[in-house]
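Shared between the two complexes below is chain A, which has chain B as its partner in the first and chain C in the second.
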Partner chain A sequence: MLFNSIDFAIFLPLVFLLYWFVFQKNLKLQNALIVVASYLFYGWWDWRFLSLILFSTLVDYGVGIWLSKTETKRKRQALLWTSILVNLGFLGFFKYYNFFLDNFQEIFRLFGMEFRASSLEIVLPVGISFYTFQTLSYTIDVYKRKLEPTKDFIGFAAYVSFFPQLVAGPIERATNLLPQFYKSRVFNYGQAVDGMRQILWGLFKKVVIADNCAHYSDMIFNNHMDYSGSTLFLGAIFFAFQIYGDFSGYSDIAIGTSRLFGFDLKRNFAYPYFSRDIAEFWRRWHISLSTWFRDYLYIPLGGSRGSKFMQLRNTFIIFLVSGFWHGANWTFIAWGFVHALFFVPLLLMNRNRKNLEIVAMDHLFPKVRDLISIGITFVLVVLAWIFFRAENITHAMEYFAGFARNPLSMPEVRPVLIFTFLAFFLFIEWLGRGEQFAIANLTLSWPRVFRWSFYLIIALVCFIFSGQEQEFIYFQF
Partner chain B sequence: MKGFIGKILIFSFLFSFGVIGLILSQSFVMKRGNYYQLPEGTEGVILGHSHASCAYNDTLIHGVVNLAEPMEGYYYSFFKLKQILRHNKLKYVFVEYSNNQISQYADDRIYGSYIGNQLPKMLPFISPRDLLKIAIKNPIGVAKAVPVSLKMSFDFLTKDRKNYIQSHWSNDKIPSHILDEKKKTIQSDQNNAQLSGHIKNNFSVSDLNLYYLAQIAKMCKDNNIELYFLRAPVSKYYVEPLEPTFHDILAKEFPEVQLIDMNEFPLEDNDYADPQHMNLNGANKISKFLNDLIASSVRNKSMSINEFINQRL
Partner chain C sequence: MRGFLVKIGILTSIFLFFILGFLTYGSFKTDRLIRERIQPETKILFMGDSHVMQAIQDAVIPQSLNISTTGESYIFTYYKLKRILDLGLDIEEVYLGYSYHNLSSYYDALIDGEKSIHAGSKRFYFLSPAGMLEFLYLNYGKTGVLLSNSLKQIYEVDDYVEIRKYVGCFLNEFSMVSVIDSSVNKRIQSQYYTTFGLRAKSNNNLKYLKKIAELCKEREIDLVLFNTPLHQSYINRVPKYYKDLYAIQLKELDIPVIDLSQMELNAADYIPDGDHVSVKGAYLTTIEFEKKREEIIKGN
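For the complex of A and B:
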């Protein structure tokens, strides 16, 4: 079920009313309702893959229980590896099987040998990378004794399948979300209103910004040989806004929806396009994944401790793995590699933790130096997105080569309406850059009539100017 | 909680009010704009769905513009004609009356899964009462069509703003490809024979589509416009199952309307794009014939339509 569909517009109020009016007095029933609603939400797309979620839930619940009863290190390690192998096994099979097979065949061919195995027609289950990482975090935290294993199966099943963030995150840690299923929840007016505002802004990002930019970025990327260099660069910018609007919009809707049910999810984006360097960009982009890799991969590898060589090695590993997480294609690995290259100079100069505070805090305009830094960082990010969007490495290379064709000419594509929306969007995001989401506090001091008019206009703009209904990009990951 | 739900309801009400206001404004602006001029010298139009849009090449038919579009039911043809008559004077209207237009299948194409094909571009011209008729049948389909329609009108008014007929109702869809080898035997294909049985067994008479055909007939009468029905050639497997009912309805409901039936027109398999549609070869043959027929039996009335057909076929 898509957040920007009529199905969801019917589903959400129904679940909300049942949750707060019918099952309000019984925590277990509320959690059971969340499980049923979440399975319905997921099954709307393809019910067959519910078995994967259920199996993953059963395995990690069981592993958690056994870990609590086992003190032997070897047994505990065996249990942890069981969970890792089951979860990553599913992920590996559904997402990476054909990729590895094709590449093995290529390698064998390079050495003049024939390796015959036919690739499978595998459908990638929506959101498998997200819920796999979420359940893994539970097992790892229980193994590390950071978290008490739960005995409440329904609560655990609700944590794994929680529908607002099931298919595209934020990837929630068990330490943050799971305890919220144990506590009885009381309806909080402020939290719910805030949630609605965040849903509205998320919808604007998705249907107005992302879907409209998608139209032009698809057109330019799919016909890249026909356009001038300036248009190709514009196409990459459209994609940058498409993916940001799409993914951060999804996260906003997910977080807002969770708030309606009394849950607080982690923040996933913090205005990444206002970053002054790549390190800051990665502290602000897909935060739940970056921190997951930081805590469960980067730090166990040694993190920023040790020699410069070790730091560089760890940096490349985490960027390459992060790229590969996005999809079984060399383009994603190249995307990760390019970001690692952008990061290296900051690491070598010990400047990777320089810009920790919000840019131009307490000022309306940034300093010229900050503005230049933001511009340079944005251009680097846009160039890297070309790998991410390209069908394959050749496509990406052709796209880059196309920059040489009339790079200073006026772009052939000039959608005035989209430029207007982007200008409005950036303006609002800039004003709200200190908040959880751009319109969190923007209108609170306005008279009610203006405030409501603002929300109404946003809602009507979403209604009229929604581009062609598109799935969220991150569903494929 | 009550306060929250109350505010959500108020917001939803204001939002709905805003959407209705936009639809009404869109209708007001689009209906009154001068965007519906037919080419100079146009005396008649052809309305209908894909059979007609594929069969008639209007560059070969003097004074006639083909406005038929794939999947178009009479519901949409009615409002299209109504809007055209606000801005143009016509002498004749040719409505494609084919076998599948009399079945409930044609009703389903108005409000069913194909609603998104026609409703967005026709919405500004449909009255609220008529819109309600399909909104009851498919509220989600109508709700999905509304924003598409608003965006379409916005784009037309801000970017194009010339001729809505050319930009949204023009017929440029005559397929040029030839019937492929597998379907070449359109008159003896076993699959087509099975289809024939399927059509017969699943047939029930249309309500909505035929109601709006009657409305078209009434509108033509009120405006002193001669109305003719057209039937383009299709495979006999599409024709035969419903042939008696087809003629019964014609005789009972539309006794004053003459059918220009070209189903017996001699054609080769390579005149078809598929068993239901002409390709450019076929369209050119049919269109030349229709042009001559209009010249002698519609415009001049030197001989009756039946006489012309009997003489030429």
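For the complex of A and C:
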């Protein structure tokens, strides 16, 4: 079920009313409703994949219980590895089986040998990378004794399958989300209104910004040989806004929806395109994934401790794994590699934690130096997105080579309406860059009539200027 | 909680009120465009899809108007005709395009399939409120895109050329062309076959064909079905199932038909796909059609 669909527009109010009016007095029933609603939400795509979530839930719930009863280190390690192998096994099979097979065959061919195995027609379960990482975080935290294992199966199942963030995150840590299922929830007017505002802004990002940019970026990327260098660069910019609008829009809708049910999810995006260097970009882009990798991969590898060589090694590992997490294609690995290359100079000069505060805080305009840094960082990010969007490495290389064709000419594609939307979008995001989401506090001091008019205009713009209804890009990951 | 629900209710109502306003605007504008396109002296209408649109030069036949559009399924023809009659235009004869492909589920893609957003949004405001609901129901899941696209489409219709295209017109820009066998084959494949075999019939088109017949009967309008010329290489490849269905429907409906599908034309009088005529073919078809029409009138 897509957030930007009629199905969800019917589903959400129904679940909301049942949750607050029918089951409001019983926490267990509320959690059970969340499980049923989440399974329905997920099964809407393909009910057969429900068995995967259920199995993953049972395994991690069981491992958690056993971990609480076991003190022997070896047994605890065995239980942890059971969970890791089951979860990553599913992920590896559904997402990477054909990739590894094709590459093995290619390697054998290089040495003049033949490796025969047929690739499988595998349908990737929606959001498998997200809920796999979410359940893994539970087991790892229980193993590390950072979290008490839960005995409440329904609460745990609700945590694993919580529908607002099930298929595209934010990837929630058990330490943050799971305890919220045990506390009785009382309807909070401020939280719900805030949630509605965040949903509205998320919808705007998705249907107006992302879907409209998608039209042009698809057109340019799919016919890259026909366009000048300036248009190709514009195509990459359109993709940059498409993926940002798409993914951060989804996160906003997910967080907003959770607030309607009394839950607070972690922030996933913090205005990444206003970053002044790549390190800051990664502190602001897909925060739940980058912190996951930081806590469960980078730090166990040694993190920023040790020699420069170790630091560089760890940096490359985390960026390459992060790229590979996005999909079974060399383009994603190349994307991660390019970001690692951008990051390395900052690491070597110890400048990777330089820009921690919000840019131009308490000022309307940034300093010229900040503006230039933002511009350079944005261009680097846009160039890296070309690998992410390309069908394969050859496509990406051809795209880059195309930059040499009339790079300074006027782009052949000039959608004035989209430029207008992007300008409005960036303006609002800039104004709200200190908040959880751009319009969180923007209208609060306005008289009600202006405030409501603003919301209505955004809703009508979403309705009238929506692009073709498209799936969220991150569902495929 | 109550305050929250009341405020959400008010905002949603205002939002829906605006949507209703857009629908009303589109509907009124469509009425105005129909009045601008169809003059009061018009007595004869040619309706249907691109077959009719490219085949009948209405300028040759007095008091007639070709209001066919590309990919127009019968659901839209029905509501368009109903709309025209409800506006009080004094129509006496309707010639409706009827060929083998109109019976195929190939048309369903334009009604509730992958092309329905494009085909439906430019005709959406011809529908009555009940028709709109039916069409939205058929396209459940694409509602938002359909509504917003239809609004953009109607908003952009303002000059003479756009009005002709919106309501329908004779339009044929094909000269110096000829039938190409591979194009005919491709056409036949897309209209009558899927990767799994023969296409099923289009229940929606058949349903609305009957409704058009009933509407004409009820409003005392002479309805005549009209099959445009088809190249022999095309006819030979039409599956027997559809040739039989064509005949069965004619018998069931009991409506006169002018069937020019076997009319003798040169290959150069068709466009490559073999089921549309070229500019020259259109002129010859119109002349032949007028002869047949006079025969029917004399027969009555």
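Assume the second predicted complex is superposed on the first by the 477 of 477 C-alpha atoms of A that agree within 3 Å, B and C clash if a C-alpha of one lies under 4 Å from a C-alpha of the other, contacts with A are read in each partner's own complex, and residues count from 1 in each chain.
One rule holds in what follows: a residue touches a chain if its C-beta (ideal position, glycine included) is under 8 Å from a C-beta of that chain, and two chains touch if they have at least 3 such contacts.
Since the model is a prediction, treat every value here as computed from it, not as a measurement.
K.L.:
Aligned on chain A, chain B and chain C: do they clash or fit?
P.N.:
clash
K.L.:
Check whether chain B or chain C contacts more residues of chain A in the superposed model.
P.N.:
Partner touching more chain A residues in the overlay: C.
K.L.:
A:107 contacts which: chain B (first), chain C (second), both, neither?
P.N.:
After superposition on chain A, A:107 lies in contact with neither partner.
K.L.:
Identify the partner contact of A:372: answer first if only chain B is touched, second if only chain C is, both if each is, neither if none is.
P.N.:
The answer is neither, since A:372 touches no partner chain.
K.L.:
For A:466 in the superposed arrangement: first (chain B), second (chain C), both or neither?
P.N.:
both
K.L.:
Using the superposition on chain A described above, determine whether A:456 touches chain B (first), chain C (second), both, or neither.
P.N.:
both
K.L.:
Counting only touches as set out at the top, which of chain B and chain C does A:6 meet: first, second, both, neither?
P.N.:
The answer is both, since A:6 touches chain B and chain C.
K.L.:
In the superposed arrangement, which partner chain does A:401 touch: chain B (first), chain C (second), both, or neither?
P.N.:
After superposition on chain A, A:401 lies in contact with neither partner.
K.L.:
After the superposition on A, what does A:423 contact: first (chain B), second (chain C), both or neither?
P.N.:
neither
K.L.:
On chain A, which stretch or stretches are contacted by chain B in one complex as well as by chain C in the other?
P.N.:
Common to the two interfaces on chain A: residues 6, 20, 187, 189, 192-193, 196, 452, 455-456, 459-460, 463-466.
K.L.:
What residues of chain C sit close enough to touch chain A in their complex?
P.N.:
Against chain A, chain C makes touches at 1, 3-4, 7-8, 11, 14-15, 18-19, 117, 140-145, 147-148, 151-152.
K.L.:
Residues of chain A touching chain B in their complex?
P.N.:
Checking each residue of chain A against chain B gives 6, 20, 187, 189, 192-193, 196, 417, 452, 455-456, 459-460, 463-466.
K.L.:
What part of chain A is in contact with chain C in the complex they form?
P.N.:
These residues of chain A touch chain C: 4-7, 20, 187, 189, 192-193, 196, 207, 452, 455-456, 459-460, 463-466, 468-469.
K.L.:
Which residues of chain B touch chain A in their complex?
P.N.:
Interface residues on chain B, with respect to chain A: 1, 3-4, 7-8, 11, 14-15, 18-19, 22, 140, 143-144, 146-147, 150-151, 154, 158.
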